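Which chain is which? They are A, B, C and D, in the order written, and residues in each are numbered from 1.
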Amino acid sequence: MIESIIRTQELTIRFGGHTAVDHVSLDIAPHTFTSIIGPNGAGKTTFLNLLSGLLLSSSGQILFKDQDVTKLPAHRRVRLGMGRSFQITNVFPNLTVLENVRLAVQAKAGVHYQLLHHHRKYSEFIDKAIALLETVYLCGKSEQPASSLAHGDKRKLELAIILALEPEVLLLDEPTAGMAVEEVPAILDLLTRLKADSRTILLVEHKIDMVMSLSDVVVVLANGKLLAKGEPQQIMENEQVQAAYLGGVFQ
Amino acid sequence: MILQLSHVQTFIEQFHILQDVTFEVPEGEVTVILGRNGAGKTTTLRTIMGLTPPAKGSVQFRGEQLNGLPPYAIARKGIGFVPEDQGIFSDLTVEENLSLAMRKKDGATKTRLQFVLDIFPDLESKLRQKSDSLSGGQKQMLAIGRALITDNHLLLIDEPSKGLAPILVEKLAQAIREIKKHTTVVLVEQNFALASAVGERYVIIDDGHTVREGKMSQLLQDRELLGRYLGITANPKSGKVV
Amino acid sequence: MDEIANLKLLKKAEWLRPGKFLASSSWVLMVLVLILAVVPLMTSSRTTLNLWTEIYILGVFAMSYDILLGYTGIVSFGHALFFGTGAYMTGIIIKNTGPTLSNLLLAVVGTIFLAVVISLIIGYLSLRVKDVYYAMITLAFAELFFISAEKWRSVTNGADGFSFQVPAFLQDRYVFYYGILAFLVLVVLLLRRFIDSPVGRVLQAIRENEKRAEFLGYDVLKFKLISTVVAGVVASLAGIAWALQQRFVSTGVMAVDKTIDALLMTTIGGAGTLYGALLGSGLTTLAKHRLGDLAKIHPIFERWYIIFGLLYIMIVLFFPGGIIGTWKRIWNKKIT
Amino acid sequence: MDIFMNLTLSGLSTGMMIFLLASGLSLIFGLMGVLNFAHGSIFMWGAYSGVWIYFRTQSFIMAILVGMIMGMALGWLAERTIIRRVYGRHIDQILITTGLMLVLNEVLKAVFGPNIIAVQIPPLLAGSWELGGIIIVKYRVFTIFVGLVVAAAVHLILTRTRVGMIVRAGVQNQEMVQVLGINIRQVFSLVFMFGAGLAALGGVMMAPAIGSINPNMGLENQMLAFIVVVIGGMGSILGSALASVLVGLAGVYTAWFLPEAALAVNVLFMTVVLLIKPSGLFGMGGGRNS
């Protein structure tokens, strides 16, 4: 019986004199949709970087399904079941859209060091990749190089890549960043469907309305510290949170 | 109008950050750009400075077109910029940081240097120290002071209160009031208390669009607008925060 | 009616599209091999046949470099040390034990073993650091090998080098020609299979975006190691062939110039296209011989490399896909 | 004892000449992030044009002047025409500067011929002093002196002048330098030119010290300069100076005991430094993949 799928204990990282994430202890329950919000520079992305292994913490611990992953390299965490998206678009630009997803399917299947078989031998990978592209409405563009996609489509492609990894936990860093307003609903729709699958999702996001409508739990970071955690409505009404956003008492 | 942005669009790589930004900055006032996280406030300042040049639209400064000029040329037109991360050269001393900004060493520059040391007395005693050794607040003072050394007509300041203790925020507000006697200021600020205390005009940016501009005093009356664009104050009880 | 004609035309165009054309079938290779196979029927000049085998051998060497540069996205300045290891191993073993087939096989086995070991050691030491440092460390190791070859005179005879006899059956010029051609075809087939294998695909992913590849769960360092081992082994095999063709080995086979030759051939022909490296080998080797001959007219032609250096700079700046890559791009544009 | 003294002097002298080459390399990398594989070629152009003038004028001062002017001209030209197109693109920088190296070396051979040219130490600096049984070669003392003067001058320029301040600031944050109204591209050109000039000076000094010049000397010495820059830390002049001395001394001491191992020791040294402290012994910033 696992109560929390991800647990951080006193997680801290310092850059020179600056403490970007400051003794954050947080439990993420499985099958919940958790959003992390906070003012600029609160340490949200850094926190995600620590969870996913892009950065190593200065002190504190990260447990994933009760296993200590604090020192594991990123690729090992992915294989354990943590998939992440990036704030900046992060695909393989000169490979086709299909190949982008196929590589992720191949990784999930554990086919790593196979030198001599032709990759087409694994036709089930291609089938699965196509199915995933259908999920994100990108099927018609499967043969284009990823670099030719519009920005919104690239974000969809990223989601397809992460879905291909079938992670138990999805770490999403601002999936709608830099999107034209009309492109946002498609991503919102996708996230809603992911939520319906009862996956564990951790979302860093600025768009408060989106956070409020999707989240089961909202976590607020400010100046690297955990400020509040609770249901969306609770958080909205929390004076400390409002103060953090609006800048404290001052005349 | 000292600065005019009309229908400015800016991309960072493929990110369509500014989608339609239009506003004007009257001379001699403090204009505050407000908006939620990720709305495009920082990018607006960086676009004015030429650091992320606009793809479409125009930026005019004292009637001159700034589009297409490199950042250093824009700076020489008389615009100072204090970035979000302060951009202090930590390997250099405080004095070197200041003198790097001096393009001339004439009497006027010396007067301005004195003005900087008057409003930020903390800096005077630390002139010979490596700026690495400054506290967060002192670094902010140095960053703003550095932008005041040159004969600037316009000062762009990005979130100066970030990470500062309340007492320092108050000092900062005084300094900005002092600065605006000489220079027009455009301020990006999430700390609404500070913004409303020093700002005369406001511009609200949301999702890369300017959605409203006007006098700060009017904004303070408009709770609904405040709630909609400035964060999570959906709840009228939040009045006491400000 | 018109529409059907158009469709047919389109189909035909599709077929001619270099991307499809190269990837969809092996027949371009077959035609090429057939053409190359009849070369000896048209000439029996030893010089001409030597020129062709030289192109094939350096082509193999350049293709192995393309695995690093074009398919994994790393710049090595130490590739010649593998080429040189193969050449020296062959030369030294055959010279000291006699020109027999079994000794040649011993040299091949020993070379492969050594190439694997060296590439693992150097790769392990240098693949963790940034690309510029990687280039530097590989250059440093190549210098070490070069100097060792120069200083260890009792075995290598230093910069003067030594000649040796090749096994009798390789002395027949036709046997040698077809042998090397077969070697080339084999390497092309193997490398093509390699780059189309799951590992090869991951390497291209690493070239495109290392971080993303890691976040798919791939252990990037291990894949890069595989890449350096494959490239190293193939380069050392090319070195063996080179020694057999020249029947002479000197420090030249270890020199940085050899690595730079491979870099030039790959980039000019088109990095990341495999066949580009072969084309590059053909161009530079032909130029070297043809322009080298013109040196009798004016010594400036001895400096023919200047032209290739400039061409290379132009290609890096303006045509990153080299000849084949640019050709593909133009074709694709024409069709769409 | 006198052998030890002689070795030390010779090591210091070699170290100082490597420093001339390495300091420019280090500055260019520190400020612009460009690892210049053509740096050794510019060094060689300095040596050849210096020697060429020396043969004609018999003036070593002229040789130094002309060599440096040649180096600076080539550096300026290279930056203007080629290097500035690839700022920020690391792989392309490696490829393009390698191409530049190739072209410069080939043109050099076309102009000056591909053969080794013997060079004598200028009479004024030739010979040696004897001091209590220790023989001190004058030219070595001269190179050490020039090296120290250049190190001090570069250090003073970096710390005391406005341009130096801009360079130091630019190493940290180029964007901010521009925002202060400074055209950093101009500074880049200047530093590139200056670095190339130092490399060329190293070439002119090196020629009499080793007694000859040849078209391979560029790459050999560039290798040592790379090692120095890695050990000393990119962008750190004092680091380069110390590392140059270290590399120079390590080279001569090992060469005395085991001549074959001289380079090996330095290469190993560099590899170890890179793996343990990628930012170099005296440098800032990291070299490790992130």
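We take it that a contact is a pair of C-beta atoms (placed from the backbone, for glycine too) under 8 Å apart; a residue touches a chain by one contact, two chains touch by 3 or more.
Treat the numbers as computed from the prediction; the structure is a model and nothing was measured.
**Student:** Any chains in contact with both chain C and chain D?
**Tutor:** Touching chain C and chain D alike: no chains returned.
**Student:** Which chain has its C-alpha centre farthest away from the C-alpha centre of chain D?
**Tutor:** With centres defined by C-alpha atoms, farthest from chain D sits A.
**Student:** Between A-C and B-D, which chain pair is linked by more C-beta pairs in contact?
**Tutor:** Output for the comparison: A-C.
**Student:** What's the distance between the Cα centroids of chain A and chain C, rounded to whole Å?
**Tutor:** That pair's centroid distance is 42 Å.
**Student:** Between chain A and chain D, what's the gap in Å when you average each chain's C-alpha atoms?
**Tutor:** Centre separation, chain A to chain D: 47 Å.
**Student:** Can you check how far apart chain B and chain D are, centre to centre, with Cα atoms defining each centre and the answer in Å?
**Tutor:** 44
**Student:** Provide the C-alpha centroid distance between chain B and chain C, rounded to the nearest whole angstrom.
**Tutor:** Those two chain centres are 56 Å apart.
**Student:** Among the residues of chain C, which ones contact at least 2 other chains?
**Tutor:** Residue numbers touching two or more other chains: none in chain C.
**Student:** Taking touching chains as linked, do they make an open path (line), a single closed cycle (ring), a hub with spokes (star), an all-linked set (complete), or other?
**Tutor:** Here the contact pattern is a ring, one closed loop where every chain has two partners.
**Student:** Output every touching chain pair, sorted by label.
**Tutor:** A-B, A-C, B-D, C-D
**Student:** Where on chain C is chain A touching in the complex?
**Tutor:** Residues 193-194, 196-202, 204-205, 208-209, 211-220, 222, 226, 230 of chain C touch chain A in their complex.
**Student:** Taking the touch rule as given, give the residues of chain B at its contact with chain D in the complex, in rising order.
**Tutor:** By the definition above, chain B touches chain D via 49, 51, 70-73, 75-76, 81, 83, 87, 89-92, 96, 99-101, 103, 146, 150.
**Student:** Show me the residue ranges of chain B that touch chain A in the complex, using the header's touch definition.
**Tutor:** 12-17, 19, 36-39, 84, 159, 161-163, 166, 169-170, 173, 189-195, 197, 207, 230-235, 237-238, 240-242
**Student:** Looking at the complex, which residues from chain A come into contact with chain B?
**Tutor:** Contacts found on chain A: 39-41, 88-89, 150-151, 154, 174, 177-181, 206-208, 223, 235-237, 239, 241-243, 245-251.
**Student:** Looking at the complex, which residues from chain A come into contact with chain C?
**Tutor:** 52, 54, 73-76, 78-79, 83-84, 90-95, 99, 102-104, 106-108, 111-120, 122, 161, 165
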